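Heads up, the next two complexes both have subunit A, just with different partners, subunit B and then subunit C.
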Partner chain A sequence: MGHASMLNRPEQDAGKDVWNAYLHERANIAGDVEDLWCHDMGCAAWIVVRRNTISHTIYEAKLANEVRDAD
Partner chain B sequence: MRFSAWQIIKQGLTGNKGWTPHWRSPEPKPEYDVIIIGGGGHGLSTAFYLAKEHGITNIAVLEKGYIGGGNVGRNTTIVRANYMLPGNSEFYSHSLRLWENMETDFNFNAMHSQRGIINLFHSDGQRDAYARRGNQMISQGDDAVLLDREGVRQMLPYLDFEQTRFPIFGGLYHPRGGSARHDAVAWGYARGADMRGVDIIQNCEVTGIDIEGGIVKGVQTSRGAIRAKKVALMTAGRSSQTAAMAGLTLPIESHVLQAFVSEGLKPCIDHVVTYGMGHFYISQSDKGGLVFGGDLDFYASYAARGNLPMAEHVLEAGMTLMPMIGKARMLRSWGGIMDMSPDGSPIIDKTDISGLYLNCGWCYGGFKAVPGSGFSMAHLVAKDEPHGPAAKFRLDRFATGLGLMDEEGTGAQHNLH
Partner chain C sequence: MRIEGKGHIDRAQPIEFHFGGEKYSGFQGDTLASALLANDVHLVGRSFKYHRPRGILTAGSEEPNALVTIGEGAEREPNVRATMQELYAGLQATPQNAWPSLKYDLLSMNDALAPFLSAGFYYKTFMWPKSFWEKVYEPFIRNAAGLGALSGAHNPDTYARAFAHCDVLVIGGGPAGLRAARVAADAGLDVILADEGWELGGQLLSDSAEIEGQLAGDWAASEAQALSEMENVRVMTRTTITGAYDGGTFGAIEKRGTHLANPKGALECFWRITSKRAILCAGALERPIAFTDNDRPGIMNAGAVKTYLNRFGVSPGQSIAVFGNNDNAHQTARELIAAGVKVAAVIDSRTQAQVNVDAPVFTGSRVIGSKGRLRVREIAIETDGETRSLEVDCLAVSGGWNPTVHLTCHMNARPVWEPSIHCFVPLEGAVPGLMVAGAAAGIFSTHGCLQSGGRVAATVARDLGKSPEDPKTPHSQNQSYGIEPLWDAGGTKGPWGRAWLDFQNDVTTKDVRQAAKENYASVEHMKRYTTQGMATDQGKNSNVGALAILADATGRGIPETGTTTFRPPYSPVAIAAMGAGAQGKGFAPQRFTTSHTATVARGAPMIEAGLWYRPSFYPEVGETHWRESCDREVNLVRNAVGVCDVSTLGKIDFQGPDAASFLDFIYCNTFSTLKVGKVRYGLMLREDGHVMDDGTIARLGEQHYVMTTTTAAAGQVMKHLEFVHQCLRPELDVSFISVTEQWAQFAVAGPQSRRLLNTLLDEQINDADLPYMSCGEIGVSGVAGRLFRISFSGEHAYEVAVPARFGDSLFRLLVAQAEALGGCAYGMEALNVMRIEKGFITHAEIHGRTTAFDIGMDRMVSQKKDCVGNTMSRRPGLLDDTREQLVGFKPKGHAQKLSAGAHLYNDGASPVAENDQGYVTSVAYSPSLETDIGLGFLKGGRARIGETMRVVDALRGIDGIVEICGPVFLDPEGDRLRG
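Take a look at the complex of A and B:
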């Protein structure tokens, strides 16, 4: 469902530029990325998957709330 | 050489020895007025219209691979102008009018075939939505006919009308829509641009963009540095990487869209048919292959190939709609890389860097836009102001929230289109 930076939600009064970057702008990397997935045909968990967008290799998956709370 | 029936006769009688290459392979010059990064359909048509409409011919089109080897060679070749929202509507209408004259314009047979597109609907609510869309198309000056079930049956008798999941209520018929030979579109624009003096430089990867004091000065390439007064970024599918060389972060995510083709069959599907409820559309190429596709895989990818769940979904939808295709064997499948913008509409705009222009975000509609995008981009680059039909394709619409063109009405956010 998008880049894992979505977990770092800005403060409400962070300003237009910060919110535009959060909502719309993407690094859109060709290579290793961390992005958010929802296991929607299964347990409905949100997970952060570290994978490669060129080879489709998946390296690691963690529960999204654990990744968020670790920061 | 101009192509004509007379040339075919002449060359046929003289052993076909007089045919020449369609374009030159020049060495890059040290400086150009305009450098276009990306020798796909959009880049080539921009070069062509810069030369034809604006008399600017000191242009280089830099392509890291070969002409027609990117997304212009990896699509399903549908040409249409059935958009509804202001911004999209006038742009695709203009593009379709260019399609109707392009073969004469560049003296090349692109096999543009206006065989008509039928968008099926399956409920009263969907009929209302398509009636409204059809009226918008007519008021834009394009054509649309609302067909009832019997009207669709006359044209497409092979559909399963009684399917229990989504019974067919009718369809919106767009007679001027159709398809074209994708490679020939790239070749035609390349040849037309080359004949007007444009340098098409293949196997030339741009590795850096030179910017001094907020003004673009040129590019670094695998074949050396080239200076330029203006640079156009036209690398949909890889836009984020190209823009990053200029320090820009774009509102783009790259996604894979799969397409499929069957073995060659005798003519059986005369139109383009779309089945939105099942995420499936199909047409038959002039070689006889059934060309069909569905929706995105819905995860960011540059792999140019998709995964099996979406392949299964598309084939199930096809079998639901027209069970006869179950007898055809599949020849191959592939994936194209889509520049997905948050609202599903493209971007043709200046950047904050003087002399640097951006053309990206074509989502899954890049092919039909090839002439219109090139025409409007050429106007923007030549005159430094937006061209009327593309004036709403602004880069800043996501930041301001003004002028969003969310054709599907699902919201201006990534992953919704």
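Take a look at the complex of A and C:
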């Protein structure tokens, strides 16, 4: 699903620039990223995965709802 | 010819086989290639472009020339390497790319045209005129150029997939691999040793060298035996590791039945092997030297000649010359002489070479040409400034060795040029967890390979927490190599002086130089312009030579020129093996409704809806066209009653104190205000404001809802719900689960629907208790179920749901009762007609680009609350009056057909893209209105009702006139629904 920034949904009245950035603007990073993954054919969990797009190394994976709760 | 006393073949077991219609004989332990050479057959194929005669070049999986079709009929297998095909009794092999025969190939006229067919010829010539491409040029090229053909029949062979795990995967079972596997296994690690051959040993099988006082092949056999007896070792022969992937995963193809006359079980198995560490011991591949006419049958790699001699007891000729730029080539000459074969000359390009061979020796000399139509008969040698010719029937060539670095490049690394041995070696750490040993690391002596295999394995064992003893390297020779580069030995100048690099694709040194001249100077551009390295051997024999020529032509060094990218698979893998189990019916899972058996028994043709199978219509005796059945079903629903299985709609059950709040956030309209026992239509948006899906939501209790989704979007919606709950609203206390499979649900529609249901319900229903858009718990013939008064047909209708185990019997009961009331079961065609008549949308309309505004439902987007898509749906661009809006169409004037996909233009405007006004999404013949009707989108359509438009479907040749109308054709007031 792309960047874990999808977790940070703006308020309804945040304005079109904020909403546009939330929905459409993603950095295409060669290096460390935080992704949102879905365990689609399994337990249906959404996971925040910290990984490297060059080496494919996975540093850490957390359940998305726990990341949200910690915010 | 066979050499007595040599080889690992079983002379007690002669085997008969056929090649090109001729009968030959070989032995158990032969490959097709070795058996053909034993019968003095060199000519085995024709090249791709010029149809030049081609002979066996190598003795391994890198073979570019000896590609044959094995077997006949549906089971035949094209493009099999004769060098890898084990001989079995009755084997039928057919040469490829030659017509009418190998010896007289008519398309070899291409060769006569060669001066005009150089690199880029197709690009330059076949570009003009443009209209000729599809009809003239492409069919011609496709006919002329080709390898083996598929049978065109369904493949009857079976394939398998499997998984394996280990501590150490050793790739290749030559000296380094055998040693590495042994040391790792002795240290107590779980080892998989994979080799593409059927016998472990690799180069040792081709050597007459000694290890620990034993013949190399015998030492290999005893090591292989010892390994196979160890419990922590799995030896996988006939298994090629084809790719290196993330996390220590490797792909592998195991040939299980291709060596048998009557294979049982899976022919090939595709493995995924996950290992903690891997040791690449894939050896090295010999490279040819380019010189004029170096492509004649009988001109072979020197190492291959040695392999045929030592492993198969075959001499590929009676008078053989050896040409090389390194000491390794001399060994071939020495062994041929020891076996009693005449070596006509040893030609070494190095002036200072020490050639210790009992044959005429030419140092500082080169082979610069050859003669012989279907087999080499004479070679030209340039020595001391003069040219001599020499009669030979085989030439063994060695241009040096290239480490088999391929797997180390599968995760993006490039190999490194090693100037001391003039080849690319693997980049250290190229694949995490993978180390390289032996010839694959650029170590070209037997002793060196054994030593490096043992040392690398010991390192790996220590990494994995074991304490291996210091490995003692078995005693063997340390052969010298002493290579000096020689890429292009030269030869005849002019249009006929062609020195081959890629034998299969007919790429010559001239083509590479021409590419450079035309500024295709990057190695990747050169490759694509000349097709160098794009044959089935993927340049294993020719890439390094070609880029050396390119480096020379561009004045750059080889390291600067670089290599093209090696990608998986290392050698070809049958798609059937990777997709094992997914042929025919296994291609995708099948989902059947509980009414499937009864429906099929009624002769209903089934159509796929996602993974589901649903009936198109239920034919009656005497009906010959689907429209007859469909029209009848529509009429019976509209006038009596019909039954339709709607279980495929996604059904999701929500429970919890925050279920209402969650649904309010999911849907653009409000569900917290829905009363218990009521049903409401819901529209779901994507966050970007476009429509995702629609459906009905029933409130069964204060904290209990059931949602339906469309059949098509059920999976997508479920994932979306999980995303919203886990990622956006984790604080909401709600649980939900798909119950699509748990409930069988049937639509009962038509004026007689209540009467029908009342024959089956434990308690009678009436309109006051169960008005339109309400729901409740019911008993159906004693079974606890649910009843929803909803309608997708526009009729007075219900959907009745029971636990799935009662679905089959309830369906049969409902249909029997419907028929008793003059009704019927109805299928997707009738369902579709009735929803179009009512202007109900499906994913034909909510196709991802439409908004609530476009379908006339923007007022449903509540302004009182936030929901997914709320903010973005109010972007000005999504509320523009000129947007394409949902409308209906009726053909105007004489009877015309409408078609979905047709586009709309203003009456009189020419049907070109600039004039496009909209398009038709759904059409049907309405038996109720006795005309075609359609739904679709028209720019500013809601304000254009009554206008006349031109409708054009260029694909189906339809050009007509339609009248724009509202999207609801039947009963716009909804009296029938509520009645």
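Of note:
In the analysis below, the second predicted complex is superposed on the first by the 71 of 71 C-alpha atoms of A that agree within 3 Å, B and C clash if a C-alpha of one lies under 4 Å from a C-alpha of the other, contacts with A are read in each partner's own complex, and residues count from 1 in each chain.
The definition used in the following text is that a contact is a pair of C-beta atoms (placed from the backbone, for glycine too) under 8 Å apart; a residue touches a chain by one contact, two chains touch by 3 or more.
Since the model is a prediction, treat every value here as computed from it, not as a measurement.
Of the two partner chains, subunit B is the only one that A:Asp35 touches; subunit C does not reach it.
Contacts of A:Ser55 after superposition on the shared chain: both subunit B and subunit C are touched. In the superposition on chain A, contact is made by A:Leu23 with both subunit B and subunit C. Overlap of the subunit B and subunit C interfaces on subunit A: residues 1, 16, 23, 55-56.
Those residues of subunit A that touch subunit B in the complex are listed here as 1-3, 16-17, 20-21, 23-30, 33, 35, 37, 53-56. Per the touch definition, subunit A reaches subunit C in the complex via residues 1, 6-7, 9-10, 12-14, 16, 19, 23, 36, 38, 40, 44-46, 55-56, 63-65, 68-69.
Subunit C meets subunit A in the complex at residues 246-247, 411, 432, 687-688, 718-719, 722-723, 725-728, 730-731, 866, 870-872, 875. Against subunit A, the residues of subunit B that register as touching in their complex are 238, 240-241, 249-254, 299-303, 307, 342, 398-399, 413-415.
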